[in-house]
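Here come two complexes built around chain A, the first alongside chain B, the second alongside chain C.
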Partner chain A sequence: MTAHRRTLIHGWLLLLPAAVLLVGFTHYPAVATFLDSLFSTGTVIRPSRFVGAGNYRLLLDDPVFAKVLLNTVLFALGTVPAAIALALVMALWVNRRLPARGLVRLAYFTPTILPMIAVANIWLFFYTPGIGLLDQIGARFGLPGHNWLGDTDTVLGCLMVMTVWKEAGFFMIFYLAALQTLPPELFEAARLEGAGRWVVFRRLTFPLLMPTTLFVLINAVLNSFKLVDHLFILTKGGPDNASNLLLYYIYETAFSFFDTAYAATLTMVLLALLAVLGVGQFLLLDKRVHYR
Partner chain B sequence: MSRPAPLETAAAWLLAVLWMAPLLYALWAAFHPPEFAVTFDPLARLTLDNFATAWERAPFARYFLNTFLLVSLILLGQLVLCTLAAYAFARFAFPGREAVFLLVLVQLMIVPEVLIVKNYATLSQLGLIDTIPGVALPYMASAFGIFLLRQAFKGVPVELEDAARVEGAGTLGILWRVYMPLARPTYLAYALVSVSHHWNNFLWPLVVTNSTETRPLTVGLAIFGAPESGVDWSVISAATLLAVAPLVLAFLLFQKQFVQSFLRAGIK
Partner chain C sequence: MMKAVKTAVLGAVCAGVLGLTAPAEAKTELTMYYPVAVGGPLTAVVDSMIADFEAANPEIDVNAIYAGNYNDARIKALAALNAGEPAQLSVMFSIDIYDLIEQDAIVAFDDVVKTDADKAWLESFYPALMENGRTLGKTWGVPFQRSTIVMYYNKDAFRDAGLDPEHPPATWDELAEMGKKLTTDDRWGVMIPSTGYPYWMFGALTKQNGQVLMDADGKETYFDDPAVIAALDYWRALATEHKAMPEGTIEWGTLRQNFLEGKTAIMWHSTGNLTAVKKNAGFDFGVAMLPASVQRGTPTGGGNFYLFKQSTDAEKAAALKLVKFMTSPERSAQWSMETGYIGISPAAYQTQALKDYVADFPPAAVARDQLEFATAELSTYQTGRVRKLLDDAIQAALTGAKSPEAALTEAQAEADRLLKPYR
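For the complex of A and B:
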């Protein structure tokens, strides 16, 4: 056996176990989901049949889908920029010679390591009408109680606040690491030039952190599409789907309504969203490699 | 690095207090009798009753065991499969390698729980519904692990491999004695990220498990905390703290390693 052939065979053998599982739980189901989305859900009386784009036409007529898609986009828009901005502020603070810096950093980062289920359990109490912390504080100022999670106008906002709290500390560490690689001479020079702190931030720090911001941004948006655990505790997508998100709707459609074909169609929408972002990230990662 | 203005220091501290408040509140509720759950009387007596009640009302010991088994099984599978695959990608020039690597990276975006419907069907065909290996299986071949280890292996000088080969070591021997020891920091970083991720994972285990013998802590906690269960606030707080305690304690003890691991894993 030649060395070349041995390399070839060993290479594929090493890859085989991981490849089987990757294909089995990522590539195969992605393709199979697409095929499922072209068929109707089979029942005992009516077997599954080819419907072409029929399920996709259903999407357009489904008011719940429209609402869920809008919620998913709003949830990303409401949580990601806010969490990133806070993360940047946190990183700038913690990067300076702040008294008790270690403790402050610990406080910012701790929510990151809690499971979303536990976080939701704790925050549920804040939002509970009447006895909840939010209403109790409001009552001190003479404000009437409010059913925060039961009101279609406030429920998504409440979930966003909680999510920002959970995620900001995670993004902070990426900024913190990036800040520590910035050349101090640049800032020294800016100081000698007499530049104010805001100018230094706007003209120097922020542009230099741009690669980090883009990296965090794409990952944060990708992640926001997968964040649905809290819905199980806090709202179950309600009231009237006001807090329902795409992945949760997929779960409901498949495991509560047992409409697998429609769930497959919804999954294709989620895959499309992820793919667009994924390609964006890939191009970005490619750039980062060239920078090095 | 300059010393910030007093106002800024105050703002940073205020935010820190705000950020700790939910956890501090949970501690307050868990360690005080239920009648003090919403009244903050500094003289309220401390109690462990809530923990005892939570422990009694749900099989948390079993949930702990399940989570421990699940997290260990996933990590073990990941270490073996990702090491082998990463070695192939780093050091074996076979045709189509780059294309296959791209296919692997697809999993960074499309995690198993996104394809929850089809993966559930696959698992039920394999007869693995409601088993811990069933929960673990889709996560074992981790694109992320393969990616990280490939980077680490690529940094190992080829001369070391050649030297080992001259001494008669085979493919797996070289991997075991040359590559794996040199990639130890990457393994540590990856292990911490993997364990904390799967300790907290919820949706996929929720779908796959439906009995006490397989349910991990997150799923057990979700059932326990459901409003229908009628359990009072202090007990839910106690249960929540129980569930997060091991990870939070580990984090407090190894803070530096945790933060560095997340960074190493995220940035590379």
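For the complex of A and C:
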């Protein structure tokens, strides 16, 4: 056996455990899902048969699919930039010398520790008309109550606010860690040059944080597609699908309607969306990120 | 030498296998999945009932597995069957019947019962509770944990509004009229929940208006029937016209809290909430039948026993024995008192225990008395999809996105498309 060959085998053996897990739990399910999406859902009475793109054509005629896709995009647009901006502001704030800085940091991080189901149960009672926190505060100022989750115009916004609240603390931790690694001499130099705070932030802090922002952005976007736990508690996608998101619709299709083939088709759409977004972010933003 | 060792090992393994299987053959083992859909430590109640059964039938071993809510129970039981795990019976949602038949997972009780006594037992339940369990001329589900919708009302609020607290609204007009009077700046007159299970509440309104939502074969729906559209018009009008109910959808999960805090004078909810309301209401409350338009009406709800096909005859006989035990008048009475679910047979209400309980707490009898006007819960082939169509239509109408007529006509067209292959 040549040395080269031995290195090769050695290398593959080292890769094997990770590769087996990756293939078994990521690649194989993705391929199997794609194959499932080409067949009709089988029952004992009507066996599954090959339908080609038939399930994909159904997508085009499905008004609920159009609605959940739009909702998912709105949900991502509404939560991602807001959560990142809030995380950055919070990180800058708790990075300074504050009284009880540890407590403030902990407070900002608390929502992240809570499970989404618990958060949804808490916010359900914030939003409840009449007895909810929101309406009770509103009543102090003489505002009329509002049926927050029961109104198609406000329900998605309510979910976004809750998600931002839940997510921002998590992203703050990354920003905070990044801020503490920034070289202080740059900031001292900037101050000597007489740069104002805003200029320092815009020309120095923010560009230096770009690698973190890219990382946080990708995670935030993926999360906005993956987080649906709260729907089980808060709205079940209602009223009239006004708060239904793609992943929850997949769950409904698979486990409530038993239409596994159509669920597989919807899953392929979700996979494709995530792949495009992930690759797109790297390609577009990577050029603008300043790595040291 | 090697051969001798092999033989010895093989012999030992065989002996071990035989030794393990021998006692198991003497006993029939049953695996049962069951859901819990309301609050409270109900798994303990089920466990104690199973223990009583095993004590009375030492030749049968029951493995009762708590499987979450109705949806989880169905998914777990079907997954177990698909994976070849043994499961002989299960408590599942009464409306899962068509899905289970289509999956070829269950057998009809008619094919398992043998004696006349068993056949008489199949006829011993309230007829309204059997509607969701019968199709294709056979009985597939036997009632276990069953409920109806009842009207809870706050008697203090009635007094406050100058209404007779012993005269809850008995008609739609009275409900609208009284609801309006009961509404103040700080309190709504009436709330009918419209998330979670809107089709269930709507089934009550349509039945009251003289129309059911589907046929007995699960192949036709009547969503665009004029009486059904009128029922949704009325539901919406309670908010828009009579101003007795908040606009938009009303959350199922927080409604009880709204009622307990006096934010609504009347709520429609499952009988399953009775024990919780009784424990937590800080005011004088009453329970009444739902009001009538042309008649009274409510759908039934809850879980039935099903027998799975993949089991031996001995297992089926043992499973039948267990179902008969769990649905006996004494067990049903015990179950009803611990939960608020209905006693499932007239005989259950003849037991001393339940007689005493009802005499002491009359609201416990309202659900039973209402059974006379009850109908099946919405259940068809493709039931998940059809149900969602109706849920979406109801919510679209209640939020003002569509008119009741437009929403229901669309839902009917879509339901027709889904059910066509079954006709």
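Everything that follows uses one rule, which is that the second predicted complex is superposed on the first by the 249 of 292 C-alpha atoms of A that agree within 3 Å, B and C clash if a C-alpha of one lies under 4 Å from a C-alpha of the other, contacts with A are read in each partner's own complex, and residues count from 1 in each chain.
Basically, a contact is a pair of C-beta atoms (placed from the backbone, for glycine too) under 8 Å apart; a residue touches a chain by one contact, two chains touch by 3 or more.
Worth saying up front: this structure is predicted, and the values here are computed from it rather than measured.
Enquirer: Figure out whether A:Phe125 sits in contact with chain B (first) or chain C (second), or with both, or with neither.
Expert: Both chain B and chain C are touched by A:Phe125.
Enquirer: Per the contact definition in the header, classify A:Asn71: touching chain B only (first), chain C only (second), both, or neither.
Expert: neither
Enquirer: Just to be sure I read the superposition right, which of the two partners does A:Leu8 touch: chain B = first, chain C = second, or both, or neither?
Expert: first
Enquirer: Go through the superposed model and pick first if A:Asn55 touches only chain B, second if only chain C, both, or neither.
Expert: The answer is neither, since A:Asn55 touches no partner chain.
Enquirer: Return first, second, both or neither, reflecting whether A:Ser243 touches chain B, chain C, both chains, or no partner chain.
Expert: Neither partner.
Enquirer: Quick one: is A:Thr41 in contact with chain B, with chain C, with both, or with neither? Answer first, second, both or neither.
Expert: Touch status of A:Thr41: no partner.
Enquirer: Which partner chains sit in contact with A:Thr205 here, chain B, chain C, both or neither? Use first/second/both/neither.
Expert: It touches nothing on chain B or chain C.
Enquirer: With the two complexes superposed on chain A, say which partner A:Phe257 touches: chain B (first), chain C (second), both, or neither.
Expert: Second partner only.
Enquirer: Kindly classify A:His27 by the partners it touches after superposition: chain B alone (first), chain C alone (second), both, or neither?
Expert: first
Enquirer: Check the contacts made with chain A and report whether chain B or chain C touches more of its residues.
Expert: Answer, by number of touched residues of chain A: B.
Enquirer: Taking the contacts chain A makes with chain B in one complex and with chain C in the other, which residues are shared?
Expert: Residues common to the chain A contacts of chain C and of chain B are 124-125, 131, 233, 255, listed in rising order.
Enquirer: Where on chain B does chain A make contact in their complex?
Expert: Going by the criterion above, the answer is residues 1-4, 8-9, 11-13, 15-17, 19-20, 22-23, 25-26, 29, 38, 80-82, 84-85, 87-89, 92-95, 97, 100, 103-120, 122, 137-138, 140-141, 143, 146, 171, 196, 199-203, 206-207, 218, 221-222, 225-226, 233, 236-237, 240, 243-244, 247-248, 251-252, 255, 258-259, 262-263, 266-267.
Enquirer: Show which residues of chain A lie in contact with chain C when the two form their complex.
Expert: 43-45, 64, 124-125, 128-131, 145, 147, 149-152, 233, 235-236, 238-242, 252, 255-259
Enquirer: Where on chain A does chain B make contact in their complex?
Expert: Against chain B, chain A makes touches at 7-8, 10-12, 14-15, 17-22, 24-30, 32-33, 36, 90, 93-100, 103-104, 106-119, 121-126, 131, 133, 136, 165, 169-170, 173-174, 177, 219, 222, 226, 228-229, 232-233, 247, 250-251, 254-255, 260, 263-264, 267, 270-271, 274-275, 277-278, 281-282.
Enquirer: Give the list of chain C residues in touch with chain A in this complex.
Expert: Touch list, chain C to chain A: 71, 75, 99, 102-104, 188, 194-196, 246-251, 253-254, 257-258, 261, 263-264, 382, 384-385, 388, 391-393, 395-396, 398-399, 401.
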